[in-house]
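Two complexes come next, and they have one chain in common, chain A, joined by chain B in the first and chain C in the second.
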Partner chain A sequence: MAIFKKKEIAKNEFDQVIVGTSLTKEAWKRLKKNRLAVVGGVIVIIYAIIALCADLLPIYPYDEAITVHRNLRPSLTKTAGDLMLEQEMKNMFFQAWRQGRLELSDQEDAQIEAWVKASKTNDVWDLVYARGMEAIEDGSFEWNSSEQSRIDRMLNQIATETQITVNRVSVQYEGQTRNIEAMDYEELRDLYASLLGVETDVLEESLYNEVRSSVGNEVRANDSTLSGDDLEAAIDMEMNALGEAGIHDRASTNVIGYIEQLALRGANSDVQALIDSGSIELPYEGTFDLSNGLHVELEVSLMHQRRYICGTDYLGRDLLSRIIYGSQISIAIGIVGTVTSIFIGILVGALAGYLGGKVDYYLMRFVDIMYGLPYMLLVIICMAIFGRNIINLFFALALVSWLTIARMVRGQIMSLKNQEYVEAARSMGASTMHIIFRHMIPNSLSIIIVYSTIRIPAFIMQESFLSFLGLGVQAPYASWGSLIGDAVSSMALYPYKLIIPSIVMVVFLFSMNFFGDGLRDAFDPQSKNQL
Partner chain B sequence: MEDRQIILQVKNLRQHFPIDGGGLLKKTVGYIRAVDGISFDVYKGETVGIVGESGCGKSTTVRSIAQLYKPTTGEVLFHGVDLCKADKDTLLKERRNIQMIFQDPYASLDPRMTVRNIIMEPLKVYNSRGLLEKKYTDDELDERVKDLMEKVGINKAFVNRYPHEFSGGQRQRIGIARALALRPEIILADEPVSALDVSIQAQILNLISDIQKEMGVTFIFIAHDLGVIQHISHRVIVMYLGKIMEVAGSDELYSRPLHPYTEALLSAAPIPDPKVERNRQRIVLEGDVPSPDKERHCCYFYDRCSKRMDKCAHCVPPMFDCGNGHKVACFLYDDKPVAEPADDQPTEGELKLKEKQEKRQGKAKA
Partner chain C sequence: MTKYIIKRLIGMIPTLFIIVTLSFFIVRIAPGGPFDGERALPEAVKRNIEAKYHMDETLLMQYGRYMFDVVRGDLGPSYKYKDYDVNTLIGVSLPNSIVLGSFAMVVALIFGISLGTLAAVKQNTILDYFPMILASFGLSIPLFVFAPLLQQIFCMWLGWFPTTGWFMNNNAPLRTAVLPTIALSFAYYADIARLTRSSMVETLRSDYIRTARAKGMKNSTIVFKHAMKGAMLPVVSYLGPAFAGILTGSIVVEQVFLVPGLGKFFVQSSFNRDYTLIVGVVIVYSAILIIMNFIVDIVYAFLDPRISYK
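Right, the complex of A and B next:
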């Protein structure tokens, strides 16, 4: 059990030290023999690494919305520009077919009519596009002038339009170069005031009002029936709940956004000049010193050269990046929820199981009552009362999820309580805490570990369920559940939006379950239902 | 032998476990009288064997002495200190001198601890509270663990091994080392050899006698194997249904059993000689051991005794002293002086229960 084990070295052949194999070590050996569990474990680890390293991966920001790129299908080979053009052409081919300029066989006409009735838009598009391209090849179809000019305009757009991403804004502040994201509220406020050339009080006032109005919007979104004085009172209450620190936090986020926009605007002309002069090659990364004292690190790239492996969502955000950042949140919820529920569960279960009697009776009746409540409803009520953010989601899920663990630990402890080694410990005068922490918990740990690996998928499912209902993670953050929830409305038109996050989630849940099963078999060598 | 020093005195010890009547309120409807008023003395340096069939209260007796259960009534005097009424600190201090060896060597060692940690555990518990002779450092404790391992005959290179890597006999040695760790004056051995192979049993018994000779530890030794008891103990207590039937020196008891139950018990032990065994007349008791949940005002062995008399049905026999430390609870010997009077007073819990039941009956009648 000791973490810092003294390393023992054999001094001579008479004084050998033989290291024993603990039960955990043996379980580990057995686990390694279970191939399915190992594969599951490896997949889980890969997921965890990808989620942890999301910031380092070469992916587009998960909250950067490029409106012209919305709803692009996933493609490994084509760039965003190609896909945009393809989509535009599909539309135009369809119109041409409607106008009778694109001629297809009667059978195909009937087929398209049938598809249109069944609103199988994708099939229609694919067919007209394929036939249209063939027709252009063999010269039986030509674009008319307005269509041609649309295509030319688009090609030009694709070749030239740039996307400027601000990576970092720093400023010379009191003699130091500071990243604005690392500055606190007062510094940011003073900086922004000096940048705009307004009084600090005026700015502070307007920042406060901004936060208040955004809080007001949230309040209205939660309860649309409020109005007049009631609404004002509700907003005041929310503002009080936020407190000064909370308000400053929100204001800081706003100010950082404004300064970035300011920097972007300032640098824009310089960048354009550089591009027009043709002296830089895209994509380009560079630093610009602006006249107002800001240093901006920028990345300039051709907007339509982007490749979306998993496509984009309805706002033109990269789905791959959203899935990766979503897995961050989903896995974090799985782990944090499990860890907190295990802590509470072990504590309650161990006390109830070991002390027994009245303590046990009342704790378990409390657990029974909690069990009796419909827990999803409880979570939903919690989220509705305390507001929809991730911390509250963690809290709400942990609140109801320790019950099973507490019962399980209690049962385990009760069976361990009458073991002779516990009696031995009691007969040598060990204290209750010593017995619980030295004997009981280590001996029930294997069951707890197994159970928690099975709990993680359950938590992810619950979070997904809540997010699917719109109660979980709020935009711009994503989780697997919210991605799937967003995709459902346009399921027929853009099935990839539903399928890709679902596959990602299902693979994770499968491997987690296989891993958990493997752990159970490894920790319990007596069970005979192994492969 | 005369100036032997009494180290432990058990006086009228009772251990009653309440029976829950089920239902919501968990009303107590009766008591299992696991140990029902026993008294005996243990002298320094001797081995007292306790025999009896299953369920006669042997294990409960030693567990009550070790204060693993709080005795219902009675006194356990260790060096004159009543352990049942002692406060926590005194109990802890005295407990150091009373250690236990358990029956099942597979269950009595924590499977997640190394041998070092298992043997060191009692030392650490006492060391951290400063109840040892002095504060030991971890290295000194480690040395002590290794000494103990050598003493009980386990290679000290195995300190880092886990219990499941040892055989039953080796584990029992570890259990003995743990019991010896605090250098106790008295060790309560609860059937330490009954879970072992016969060849291993002999080794463990020899180890126990060696330790006793070397360290002068007093043993209370439980077994249901009469041969084992004869081999190891100086004095033997025969128990039946939570009562002591007979106390005698080991040789005396085996050669001249007085109580009818002891006679029956001894005749049940096989003799390892086929010729003698075949010609031997066995005393077979009728019926089963009665349930220990009733209050009895007769001889506890009355139902099954072949020599029962009218007298036996009406009062509990006291202990009669037959001389030479041989005491027996049987009216066959009522010409001998009474050593200890019988005490069949009900306990407080039982009185309350009776009162309640009488009230209920009274109400029912009214």
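Right, the complex of A and C next:
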């Protein structure tokens, strides 16, 4: 019947049906009027969709490093091969200019000298390249024979070199087909040992030593002053911090890489035969069964036909895909961290607010003292001591960021405590927990959600801050902060590495801030004048 | 008032105590001691080293000893920078950080308050929009994006400033301080300007301002003498968190502009697991923070006669 009631038409002005609007409806109306907030919300949603669908997008793997594609500049039109050739020619033009074969006007010579002094390498390269190409055009400059052969070799390389990407390796293991990436450390170790035909113990030891030496390299990279016993001690400490699980984790990653290489080597001759016979068209996807029981799915493509819209980093990894996967991590940490801090905050705030008295006093004093702590420093200590990985990062952040929410929830609960419906529930014998979690929290949830939306950018900034310092997300993973941090040291030569991730991050933070502010103004119009 | 100050002074002690305790125990429960790995050492030598650093005692005794040392102002020897103790390392670098931090705070306050007030007085004009748009940039651009971008634009492309260096060392020119200060103060300018504007708008609407206007006072007198005092309250209470932010922010700025400050040691020591240095830096940072909070509270009490001193 209720459905029909709504459609009743008023007969006169005294007979109107008044439909009450809820707080949410009213807020929604206000939010829609705030154009900046709507635009911000749409941008946030676009980011979220792109980050979520990262695996489905046609981008290169974020951890696939092609060494010859190091530090390529972003380009929409040119392929990696073109850019490599261009870079090589820039170098050779510069050499030619030094040798006096490429002649420029006196003014330009002076300009180049000045640039070289100011180490503006990019300007020098661009100028000699432009002039050099003009000179080749009008015939006043020719490559000498060694340069010409270098160019020819490179052109040949670009036309023929192929990149074989292993998409999936599976194996018949204990009667079923398993993807090796889904196997745990023991299974991988046994499988690899049987593939190589060595004893498990021997393999285990060599895997351990590999992890140890890679840890050693990291330690040395962080602090080059260490040597001898100090270095050994530092490595031991890192290994202890990793623990058995961490070591196995890294060893598994290594083993997966080895098995993929093994599979690649096994399939290589077949693939080469196919390419040489010309019967396949590149890019080509196919599966191969190897004699050692591995089953490998491959993708063969021309390596230098790749296009890097955002350029590549210092290892030759695609920056676009690193940014997209980095967004995934940054946004995920922002959301998951906020949700965790909401949970802790609600629990503490609700208990303090509802129980009152001594519980309230001590909980709130605790919160006050925590407020006085330089908590970012504590997070840094935790990251330094308990190991730098994503889980620790996110725990450390969540543990210190629930304070504001706890205070807010406490205030809400205190104001709701004496409402009639709470009294009614209490008089009907509802338990404290029931009243708190079934009646009071749902009633203050909208405000909690709004405030936590405002917290998300702060969370992302903190995570990126730590990653920037090298204390957050570790390679091969990326986050906005670590991408920017990596770019800072080489920004004179490769400014795009700094600028592109920065723009991506700032646009997101902007939209998130506008969206959050809009939400707050919509739900809580009185708060407009607060920070 | 004196009573209030004394009470607040005493209130600082438990916070500092908790910080020292927390840092001490976090560092001690961490896996691996600083000398564990030195396998090559004979047992006796290792025992000697441990005895030297008092690591052969019970945890509680170590804690008591450390507390006693900290109270005397001795933060212990550095485990990694041999021949240095933490006091020396901090003593060399802290002045640089403090100068940078105070520059940033002063710049943020001057620009934040003046532009915020301007925006409030000239509401909905270009003089309102421009500072507020600038402020929303400051809110959304993280420091570690802003600082490298500044360096890229003003040092690399325009060449106006030297890329690195710090004016307190090696006779570098004073302008080396300009970019780090701008970078560090930008976010706090944004917050202070927004706060000033909103509380100024609120204050200018209040009854006593209307009375002053009715009496025919000059506009400038009303704004600077009557409204300013009330409008500054939220700004003053924001200064505490702002100091905390500037402390952590200076870690990034020091890293980007290579300022030889305390932040560099902090990051280095957390990579090296130089435990005494980590705890020492945290104690110094916290002490600065707590003292600043204390000063802010006192200033607040002076500005707002409604606050009770009891």
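Quick note on the criterion: the second predicted complex is superposed on the first by the 408 of 531 C-alpha atoms of A that agree within 3 Å, B and C clash if a C-alpha of one lies under 4 Å from a C-alpha of the other, contacts with A are read in each partner's own complex, and residues count from 1 in each chain.
Heads up, the rule we're going with is that a residue touches a chain if its C-beta (ideal position, glycine included) is under 8 Å from a C-beta of that chain, and two chains touch if they have at least 3 such contacts.
These figures come from a predicted structure and were not determined experimentally.
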| item | value |
| --- | --- |
| Which superposed partner A:Val506 touches (first chain B, second chain C, both, neither) | second |
| Partner chain in contact with A:Tyr129 - chain B first, chain C second, else both or neither | neither |
| First, second, both or neither for A:Ser22, with chain B first and chain C second | first |
| Which superposed partner A:Met237 touches (first chain B, second chain C, both, neither) | second |
| Dominant toucher of chain A (residue count), chain B or chain C | C |
| First (chain B), second (chain C), both or neither touched by A:Leu373 | second |
| Set of chain A residues, in rising order, touched by both chain B and chain C | none |
| Residues on chain C engaged by chain A in the complex (per definition of touch) | 14-15, 18-19, 22-23, 26-27, 30-32, 34-41, 80, 136, 139-145, 148-149, 151-152, 156, 159, 191, 194-195, 198-199, 201-202, 234, 238, 244, 247-248, 251-252, 255-256, 266-268, 270-273, 278, 281-282, 285-286, 289-290, 293 |
| Contact footprint of chain C on chain A as seen in their complex | 118, 120, 222-223, 229-230, 232-237, 240-241, 243, 369, 372-374, 376-378, 380-386, 457, 461, 464-465, 468-471, 481, 484-485, 487-488, 491-492, 495, 498-499, 502, 505-506, 509-510, 513, 528-531 |
| Footprint of chain B on chain A - complex, ascending | 1, 8, 15-24, 419-421, 423-431, 434, 438-439, 442-443 |
| Chain B to chain A touching residues, read off their complex | 63, 66-68, 91-92, 95-96, 98-100, 102-104, 107-115, 117, 121-122, 125-126, 157-162, 164-165, 175, 178, 182 |
